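Letters A, B, C and D name the chains as they come in the text, with residue numbers starting at 1 for each one.
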Amino acid sequence: MNRYVIVGAGPAGVIAAETLRDTDPAGDVTLIGDEPERPYSRMAIPYLLIGKIGEEGTHLRKAQTHYDSRGIRVLRDRVERVDAGARRLFLASGGAMDYDRLLVCTGSRPLRPPVPGIDLPGVHTCWTLDDARHIAARAAPGARVVLVGAGFVGCIVLEALALRGVHLTVLEMGDRMVPRMMNPTAGGLIKRWCEGRGVRVLTSTRVAAIRAGAAAPLQVVLDGGEVLDADLVVSAAGVAPNVEFLQGCGIDRERGLLIDHHLQTSVPGIYAAGDVAQGRDFSTGGLEVHAIQPTASEHGRIAALNMAGVPTEYRGSFNMNVLDTLGLISSSFGLWMGVPGGESVEMVDAERFRYLQLQFDGERMVGATAVGLTQHVGVLRGLIQGGVRLGPWKAQLLRDPLRLMEAWLARNFTAQAA
Amino acid sequence: MLRSLHIDPQKCTGCLQCEMACSYENEKVFNPAKSRIKVFNFHDEGRFVPYTCTQCAEAWCLHACPVEAITKNKLTGAMEVADSVCVGCKVCTIACPFGTVNYNETTGKVIKCDLCGGDPACAKACPTAAITYVDANFTGLERMRAWAAKTSAGARA
Amino acid sequence: MRVTVKLYATLGAWLPPGAVRNVAPFELPDGSSVAEAIERLGVPPGQVHLVLVNGQFVAPEARAGRRLAADDALALWPPVAGG
Amino acid sequence: MAWTRKILRVNLTQGTCTPEALNMAWARDYLGQRGLASKYLAEEIDPRVDALSPDNKMIMTTGPLTGTAASTSSRYSIVTKSPLTGAIACSNSGGFFGAELKNAGWDMIIFEGRAPAPVYLFLHNDRAELLSAEAIWGRSVWETDHWIHQRHQDPQIRVAAIGAGAEKGVLFAAVVNDLHRAAGRSGVGTVMGSKNLKAVAIRGELGVGNIRDPEGFMKAVVDAKAVLAGNAVTSAGLPTYGTQVLMNVINEMGAMPTRNWREIQFEGASAISGEAMHEPRASDCKPNLVRNAACFGCTIACGRISTIDPSHFTLRGEGRDRYKVASGGLEYEAAWALGSDTGVSDIDALTYANFICNEHGLDPISFGATVAAAMELYTMGVLTQAHTGGIALDFGNAEALCTLAELTGRGEGFGLEIGLGSKRLCARYGHPELSMTVKGQEFPAYDARAIKGMGLTYATSNRGACHLRSYTVASEVLGIPVKTDPLATEGKAELVKAFQDATAVVDSTGLCVFTTFAWTLADIQPQVAAACEGDWSMEKLAEVGERIWNLERQFNLDAGLTAADDTLPPRLLKEPANTGPAKGHVNELDQMLPEYYRIRGWTEDGRLKPDLRERLGV
């Protein structure tokens, strides 16, 4: 009987556990998470903050008996250390556990930027359910809130904070909002949209210091000298992988744990999945960390198949994101920044906050960004990840980029069905 | 016996009865903009192509959902969105490579074809049998699924 | 006798050999009625809606009684309408 | 309900777009679309106003069933005073534009005044904007459609637009929506041009939801769809052959006006018929017809999508790409006017001329008929190549037809004279008797010497010569609902009145009149009654139809038309048909018209009697 241990109870871990159970019914499956709640999704936290769901709404699996009934052992514990040679791990609670296959999907944690005052009371990251509870307590309607970081995570938090009715100022070091997902035009549109809804957005702005204030509990000092009063500061300034417990295992890593085509790390028997893993990128062929839900779930599934002895090659994760900033919905796919020698087309409707840009390499689409478009956007993934040869439809899309579905259908579906 | 929607674009006249039936069944309004099935118009070729979710085996939407709002109906085989669970994060809308899961800004939830619980309104409304609800072994579905598998991020074993 | 038959729209499927643009010569025993001509053409009578002989309307109940003469033009349609 | 109960009033002079509530009292009396918009027009303008002055108004209007799941729920109408006839105009169109207007939340748009510079209306749900159309002024409908889609980057936008001919005063300019669906007759496009309004672009995402009894409505809709599906005409004939199935029927029975109505049968009819559209051609082995296509909600799908033979002369040369694709194909009336009436039997030339009429926004009936009149004048030597700019206007000259379509569409050269319409052209050259028109509008494709009821239909039609006001062909030729003798005059007055009133109701629902090849009002009534608040019994509908007809009549009388305008050209009254079953026949209008006035409750000079006015509230 194989003993499988999964460290990390996020989406990758839960899906891996379920896949292992389905694939190897006789195997012993243990899922270890260090947070007190039942496995939940961080993606859902913003919706918890705005009261759209309760805490149970964040749970990855709703049925109380979900794990028990499948024979998945869920441990609330922290793994302190792994002895890869002995295939044994040591728990914070004192015990040790042997495994045949280990899956690391411990995700990442928010970085605390090296800013004086970052540890003051009232300065929070927004990462865990516990963080959410603290933020909810301080972010009452009318409260002055400074959000540090307008990246993807920052923007998701932004939405939730603004909807709570706080006075919100957003600070971003980059020259635009969501700089790693949006080009200047798209980022600019999002900024203008947010400003139009009462959010103050300062780009190309750094925090010099945070200090306790007199008129307000906190004061945020900007690099230009301006001082902002705040009741709450939320920091969303990047993340780092949770890999310290693997010290000494000898796993190769860069920004995350490097994994091969079968999602195994450089140490046999140890696999990695989700935000902690730096795996094959479909678009570039290189190894990247894609900290997104779909990658986590695909990683989890495929890692589990391989662990259970069903060799399954991973074709690479696909970089994509969707973001809702106060009702303006944007998404990005693949190599949205384009490739050398590629062609592109751009549709800008600034008045109505609609934007679409497509990137091509030869007759294939390789990346895209969309703002203000919500219908059929998934087909961008299909076109890009499917490597669809566009033929005459490339010229059509260069003229009329919104005819994405028609391009898809013309080059796939009808050819199949006809 | 599992049944599935079968679409024959050759028979479609572009009347949009399917879109109205769908929006009426699901949203209680005649509104093609809220339909889960969509007829695409290739005007210059004189061709109309109805298109909706194939309930694909990969179920990209289901796996992408962070809160288990999308589940498979074992009777119909349809991936269904539970409105009470969906938080509106839209990840499924970008995860579905067929573009058939869409965000509904009015409700703040996503919508997709759920085969109307096993009695699809679009098929009933179609005047030319371009959309039929047939035995899933009928060839078309398998072809579509084969294609879906080809695009799979994780290749088959 | 030889008449001209004109079978239009979906009735074109029953045109005898030698038809050009829905029109064909057709041999009939002398004195055949419209109904007999329709039968000889093999067109299911239920599908014949509009009958014109030399452009003149022949009502369904008159088909059996209306005799054709040589060189008559017998034109048949299924139910059609337009505008 | 079913009505959105909202009207958009667009004052082009002021540049304002103002929502207002629909007058529900009028809606209860006139139902919607044709009836209701005619009521608005009659109440809001002086019938004697110059049709092309800013004081005329133009109403784009839907019916209560437009945009619903009812079959053929695509229809919208444009109601205005016609510059061609001086009478009230109501032109009805399908496609997708009307349903989009309803989906954007509006029952109708009333355009008033004249914009100081070319504009187009962009309507996205509640948001209405008048935007500059300077960049597309002078361009074709197809170019305008493309430009608007590029500008707004939304493939779902539906556009109705006019071409350059309308801007330059071609009197039979159409408003074309969805590239090849047209509010074609009576010069409604010319009115739009006179207002400096190039196009209306709509995106509607609100839907149509306010149905009085949704369950009852869906049941009525399903029942009515089943009737269409069970009827051979609406389930097989029309989808397969389109309206063009009539070409051989009407020619065989000798009612096919040919060469400006000098003859009554066309030797080339079979070559331009619906059957011919299915025949593979030599050059590429493909037929003219690509497929049939439906308007919004239509379970009949009679629309034609066609291509031109790639080897045809119209596709040779530079800049022809846009004609090499599939687009709206020939309808019967267009094939007749462009073909039989001009003596042209080249189906590709007709398809091309039809494309051009769609591209530039021309009514192909009035255009073809005016060319036919010009050809007769040319044959007589009255018109010469000095007049036509070197075009040899012989009957049957396909190249001349195509060239004139281009010139008229662009409003250039001799095309501007064709653009006057047959009545003014013939009068200008001293032969008013050769104009085949009533009230200045050209005839459609049924010779009134061979189908007598159509003579009365044409003479009394409130928008000038027209088949769509009382299509007695259905009865006199096709036996729908019962067969009547086309060569008899007895009973035709009653038949015409019945068709006129019933058609006025259908035109006011949002549904297509082609349904009536299978439906009667008894199939339509349950759909209206379930959708709309109020009493919509059969009796009420009959009364509404009669009220609409009389309102239109009163408008025309107030505009200065009289009983003297209820007549036919001398050719139909005095020159006997020369072949076919109708050989020797003229139209005996004088035998039918007095009886018609009598059963209408009108005076001998065709005016509404006081008790009728009181009963109908007109």
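To be clear about the criterion, a residue touches a chain if its C-beta (ideal position, glycine included) is under 8 Å from a C-beta of that chain, and two chains touch if they have at least 3 such contacts.
Only a predicted model underlies this, so the values are computations on that prediction, with no experimental measurement involved.
> Contact counts by the stated rule: is the higher one at A-B or B-D?
Result of the comparison of A-B and B-D: A-B.
> Taking each chain's centre as the mean of its C-alpha atoms, give the chain farthest from chain B.
It is C whose centre lies farthest from that of chain B.
> Which chain is most central here if centres come from C-alpha coordinates alone?
When every chain is reduced to its C-alpha mean, the one closest to the whole-protein mean is B.
> Could you tell me the distance, in whole angstrom, between the mean C-alpha positions of chain A and chain B?
A distance of 27 Å separates the two centres.
> Using Cα averages as centroids, what's the distance between chain B and chain D in whole Å?
So the centroids are 38 Å from each other.
> When the centre of a chain is set as the mean of its C-alpha atoms, what distance in Å lies between chain A and chain C?
75
> Once you find the CA centre of chain A and the CA centre of chain D, what distance in Å lies between them?
Centre separation, chain A to chain D: 58 Å.
> Can you list every residue of chain B that touches 2 or more other chains, as numbers and ranges?
47
> Which chain A residues touch at least two other chains?
406, in rising order.
> Touching two or more other chains, which residues of chain D qualify?
none
> Determine the shape of the graph in which chains are vertices and touching pairs are edges (line, ring, star, complete, other).
Topology of the interface graph: other, matching no listed pattern.
> Can you check the complex and tell me which residues of chain A touch chain B?
The contact residues of chain A facing chain B are 11, 15, 41-44, 47, 52-53, 57-62, 282, 292-294, 297-298, 301-302, 305, 310-318, 320-322, 324, 327, 329, 331, 333, 374-382, 385-386, 404-406, 408-410, 412-414, 416-418.
> Write out the stretch or stretches of chain B touching chain A in their complex.
Residues of chain B touching chain A: 7-10, 38, 40-42, 47, 49, 51, 60, 63-64, 66-68, 85, 87-103, 105, 108, 140, 143-144, 147, 150-157.
> Where on chain C is chain D touching in the complex?
These residues of chain C touch chain D: 6, 8-10, 12, 21-23, 49-50, 52, 54-57, 59, 73, 75, 77-83.
> Give the list of chain D residues in touch with chain B in this complex.
67-69, 71, 96, 103, 156, 179, 204-209, 214, 218, 225, 228-229, 239, 290-299, 301, 303, 305, 307, 325-327
> Which residues of chain A touch chain D once you look at their complex with the stated criterion?
Residues in contact with chain D: 347, 349, 354, 356, 400-403, 406.
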